[in-house]
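Two complexes, one shared chain (chain A), two partners (chain B, chain C).
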Partner chain A sequence: MSPERIDAYPTRAIAGYGVRAGNPLPFGATAVPGGINFSVYSDRATRMWLVLFRPGEAEPAAELEFPAEFRIGSVFAMTVFGLDPETVEYGFRADGPFDPAHGDRFDPSRVLTDPYARTIAGRDVWGAEPDRDRLCPYRSRLVPDDFDWGDDAPPGIPTEDLVVYELHVRGFTCHPSSGVSAPGTYAGLREKIPYLRELGVNCVELMPVFEFDEHDNPRTDPVTGEPLLDYWGYNTVGFFAPKAGYAATGRFGMQADEFKSLVKDLHTAGIEVVLDVVFNHTAEGNEQGPTLSFRGLDNATYYMLTPDGDYYNFSGTGNTVNCNHPVVRDFVLNCLRHWVAQYHVDGFRFDLAAILDRAPDGTPLANPPLLEQLAHDPVLRHCKLIAEAWDAAGLYEVGSFPSYGRFAEWNGKYRDAVRRFLKGDPATVGELATRIVGSPDLYTGRGTAASVNFVTAHDGFTLHDLVTYNDKHNEANGEAGRDGANDNHSWNCGAEGPTDDPEILRLRTRQMKNALALLLTSHGVPMLLAGDEMARTQRGNNNTYCQDNELSWLDWSLLDANAGLHRFVRSLIAFRHAHPVLRSAAHPTCGVSWHGVRAGEPDWSAGCRLLAVTFAQGDERIHLAANAHWEAHELELPAPAPGTSWHLVADTSAEPPHDINPPTAETTLAVPDRYRIGPRSTVILLARPTT
Partner chain B sequence: MPLTVTVSTTGQAATIDLTGELDAASAPAFHDTIEQAAAAGVRELVIRAHRLTYMASAGLRSLVFARQKLGDDVRITVLGAIAPVARTIRQAGFDCSVTLVDA
Partner chain C sequence: MSVEVRSREQDGVTVVELEGEITSVTSAELQRRILPLIGGAGTTVIDLGRVPYISSAGLRTLLLVHRRAARSKTATVLVGLSEEVRFVMSSTGFLDFFDVRESTAAVLGGVREA
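And now, the complex of A and B:
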């Protein structure tokens, strides 16, 4: 029999509970022999209470003030005995000065959420009406570390080999057509893993899954007057807690297990998991917002404040997290380590990441300590780190984000270059050329994997809408059309919105295929927006953050309606996986030759709308020709390697199934050294041994 | 309805019958029988669940406890769980740890 631990005994009683001085680290609540250790940081609080709740009860079961001698430095730490880690809910009450001009906003009437809460009770079922008067609306809970991971290991796919698929957990299966047993949940997404495998993507990037409150939106539907929700979830309430409302088992408090099961099964399918994480702001908003956690615990530490104590608003949402404060740096680092160690996620995409390199006074730093720390952290060492390298205050760092050799970037310049070329803008061929070889102008020395290429993402038009609308149509968001981007570089192909004109419909389909063909043959990491492979529409809304309805949800019946497009995408992904020449980690140099209508004679003039390129690596040759001109052209083809001839992989001007040939079934050309490329079309050729 | 736990052992197989509600209050009794089975070195555990009317999160955790207590080479079957219980086990992903069998 092992001896009883000496630290498993209380030294005194508070409010009927046996307690002893706790351990300041780790922060948050940790099960220890006989009880739970609670630890919370506050530099400026004068008093702190632990508030205990029984599940489902409105009033606290007990409030235990941390004795002054239980404070070590700026950390209040106490072990409480006799609590069940599986059922206890808790919060903190902090007292201190209310002096906004000096950064302090303590409010002891509030019971605050633990920043380190492993799960949060209060938003267990998506959409359930919140009780605004409830004391501590987001109650902190622990998570048992007993999940059966089996032999789970990260797939460890080289970044340049990824095909990323960005999706919203709820929207992916919420539509009745999804056919899953638990629509809109982690379990529902788990049922769709076979679909993802068949499509060929090997990384899912999940829009925010940290706990948030979907009711955090003051706006109403301008037609029905019904409240609009925060559907996307970029207003975090609990950074360590998986969104319970995304779990079919959230009402049982099993969201952590359900999410872990999802990750485990995705790994088994060879698919990595990247989380979209939001460290730039919180759900507390500006000084008008609610006091939920950071503000009441230590406002001046957690938020960037002006010299007058107001909130800097580099995020466009009212507050800005003070990411380069040493305490906050540790918080971010611990949070990411938690998701890697406890949930086995494979990487992170940082929302408005430019904020992560601002100093506490907002100044952009050349060597931001947070980013350096993340880049070199041993636990995160093999994670994918992806920056959205801009913020809402004009700091745009695409190509200049402090990467420390680790961070990739959402390449917004790739998106814009492809869009402008495809719609036929003049003077776009040169930039397109730079973008499709991995943007060496932006990522010299960092390689192609630094560039996450995309044409569409959750922010903005879907691919279908990019070729269907010239202008955004965001009226349903209740902001009189003021929200959402205006510079979309979109083109409706001749009519705004839905049309019966068969010519326009054909052109739109061709334009979607053109975009996808460029994306999936470009150097860099391609990212698809979920549903683009079946022409998902948001009816022209380019900012559906508040649309928890069929405008956002993926309608799976589109899979049949647009089977040809889906087949095209699936085949293109397979083509990319089959040909390493498209996925070199280094920027291609000597293996690239440029062409125009005539082989070896690219036309870089402003009036040109045609570009062709041959990628060569070893014995592999792939020829890509993109024609954004409204007329067809007779292309002269470069000579392939001796003993080989050009075979047709894809031609977006052809109707399915002739628009793309499956691997090894590429067809020979009628004339070996020429090919007629149609108006606004893209052609992919592969050199294969002449038979 | 309080939980009733009965256990019987035949050779290297143990069968646990659960009747009533498996929740935080009753889970320790279930754990005790699992520990007994583990101590007896059984190779197979059958949890007869058709009279189990409710399983709270603590009950779900008990399945994880059983898996980890008995080890990977012991087959654990949950037999005859009513639809809501079986669905919750599947959604949480615990069907990877135990085998669900209809009655």
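And now, the complex of A and C:
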């Protein structure tokens, strides 16, 4: 039995509370014997107060100024005794110069959110009306860190073996058809784990789950005049805090336990968890935005500022986090370590990651220290690190993101190449070939796992809408259709939007299957957008960031309506898992042969819209033929290995259940060396021993 | 604020009835009072019928009691969970750790059968 700590006693009283000089590390609030240690950094503050609140009360319970001698370096640290870590809420008040031209924007009238707040009180229930006059709208709280993880361990799936599934925690189960007991929550998602398992995905990528304010959107519905919420949540308020409004138990402050329980059960099901993290900007916006945290604590440290003290706007949202400032680097690193150590997440997808390699003055760095640090950090060492390798100011680094051998990238070029090929654009066959073997032009030396391949993601059309709309239809976003991408490379198959023309509907289904067949047989890491396996629609809206309604929510009745498509996707995923030849970590070289209509004679000309490829590894052979032409073709098949013959895995021109054969049930061909590929169709063949 | 603790022996089973909110404020006292009651019999039933709310700290206290009991080869069974308590325990995953039954009678019935 160790003796009691000898520093568990106050040395003086402030505002009626016993206190003593605290520990500067760790930052934030930490329960210590008898009290709580508070630590906050500010280089330029002249005075700092700890502001304590009782839950539910508008006015502070107490304000304790940090005595000058409680400051170590630029860190204010104080242990306060007699506080209940379960109920205490707090913030900081900082005083210092207000001199924007020189970077300082102190405002002692504001009570600021702790950047290291482990949870935040204030947005406990999704959509609840905010009290905008409340002092300190986002109040910092502590979290018990003794969750019982049992024997939980990261699944540790090799990156090239992942099938990623991108989803929005709320949107996934919010629709009444989801049938879960707590719709729109972590707990609701946990109830859908059996569905994910059955589908076969082994990694979920969660759109932002760091605390944000869904009311942080100035726009209104142009029809109803109702305010539109920020549904996606790319405007972080608390980087260390799981979003309370996504927790069924958020109103009790138990979001951390609920989220951990979700991760634990996903791991048990063999599914990894990747978080979409937004370190490029914060919810404080530009000069007109609210002072919530960083700005009032140390504006010039946390934000990239122009020589005149204005905000650089590389994120397109008003401000840019100063990621390569040493203090901010530590902040990002500590944050990611926190999510790995405390929440057991398996990786991160970095939103607008090109910003992470900009210097404080905005210049792109060849060797950005933040990225180097993340790549080699001991705690993050086996995490998946995925970059959205561009930003909103034109820095496009797909293929050139400083990866340090660790970062994968959302391969935007894969998306565009597949889309353009499928809609029948000329001169696309050559690039398609490069993309489906893992984009060696972009990732030589980094391997196929550097390429996260996708056709659709949250940003843009769903797969159904990609084949249903030529143009975006974003009027509901209240920006008169100006928002959202214009270069969608989409094709409506003959009519814009819903139609009852059976020919068009059949073609759309085929086009969706074509995209999925290419995606799930390509080298690299396939990423699916949740709901695409059941043809989820956003009615042509390609930017539903503010649509917290049926436009965004997954309608689970589509599962019955589009059972054939769902079966096709599930079978394709199983096929991918069954065949390592599709998942080699190195770019395939000698094991690849290209074909056109005639075996061994690929046609790279601009007018050609057909490509076939055989992947070989050991005795295994898979033949993929993609025909984006509007006419059928008689394909000559290459000879498979001796003693084997081609068997049909999938043909997107066939109706279910003949569109795909489950593993080991692949059928023999009528003619062993020829196959008629239908118009705008994809065919997958597997060489199996001749019986 | 405190949690009332009443215990009785019935058919070789220890039944512990709790009343009040289990939070960080009441947890320490609850733990101090409940631990000595556990370990004598093969099974301890914890009746939460009069517990309207269990906080994060409260859930941890219950789990701690459950673990201490297991160490002394005593099974703990939770009964009488209100809809709200069950919802919170289920959402946070705590429910998975426990043997939960409808009522004390259900436990005693089960014991008799065995």
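The rule is short, and it goes like this: the second predicted complex is superposed on the first by the 689 of 691 C-alpha atoms of A that agree within 3 Å, B and C clash if a C-alpha of one lies under 4 Å from a C-alpha of the other, contacts with A are read in each partner's own complex, and residues count from 1 in each chain.
The rule we apply is simple: a residue touches a chain if its C-beta (ideal position, glycine included) is under 8 Å from a C-beta of that chain, and two chains touch if they have at least 3 such contacts.
Keep in mind that this is a model prediction, so the values were computed, not measured.
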{"item": "Chain A as common anchor, with chain B and chain C clashing or fitting", "value": "clash"}
{"item": "Which of chain B and chain C A:V277 touches, first, second, both or neither", "value": "neither"}
{"item": "Contacts of A:P85 with chain B and chain C, given as first, second, both or neither", "value": "second"}
{"item": "Touched partner set for A:T249, first chain B, second chain C, both or neither", "value": "both"}
{"item": "Touched partner set for A:L292, first chain B, second chain C, both or neither", "value": "neither"}
{"item": "Which of chain B and chain C A:E258 touches, first, second, both or neither", "value": "both"}
{"item": "Overlap of the chain B and chain C footprints on chain A, listed as residue numbers", "value": "84, 86-87, 144, 146, 148, 181-182, 185, 187, 190, 247-249, 252-254, 257-258, 260-261, 264-265"}
{"item": "Footprint of chain A on chain B - complex, ascending", "value": "24, 56-58, 60-61, 64-65, 67-68, 72, 87-88, 90-94, 96-97"}
{"item": "Touching residues (chain side chain A, partner chain C) in the complex", "value": "84-87, 144, 146, 148, 181-182, 185-187, 190, 247-249, 252-254, 257-258, 260-261, 264-265"}
{"item": "Touching residues on chain A, where the partner in the complex is chain B", "value": "84, 86-87, 144, 146-148, 150, 181-182, 185, 187, 190, 247-249, 252-254, 257-258, 260-262, 264-265"}
{"item": "Partner chain A, residues of chain C touching it in the complex", "value": "23-25, 53, 55-57, 59-60, 63, 87-88, 90-94, 97"}
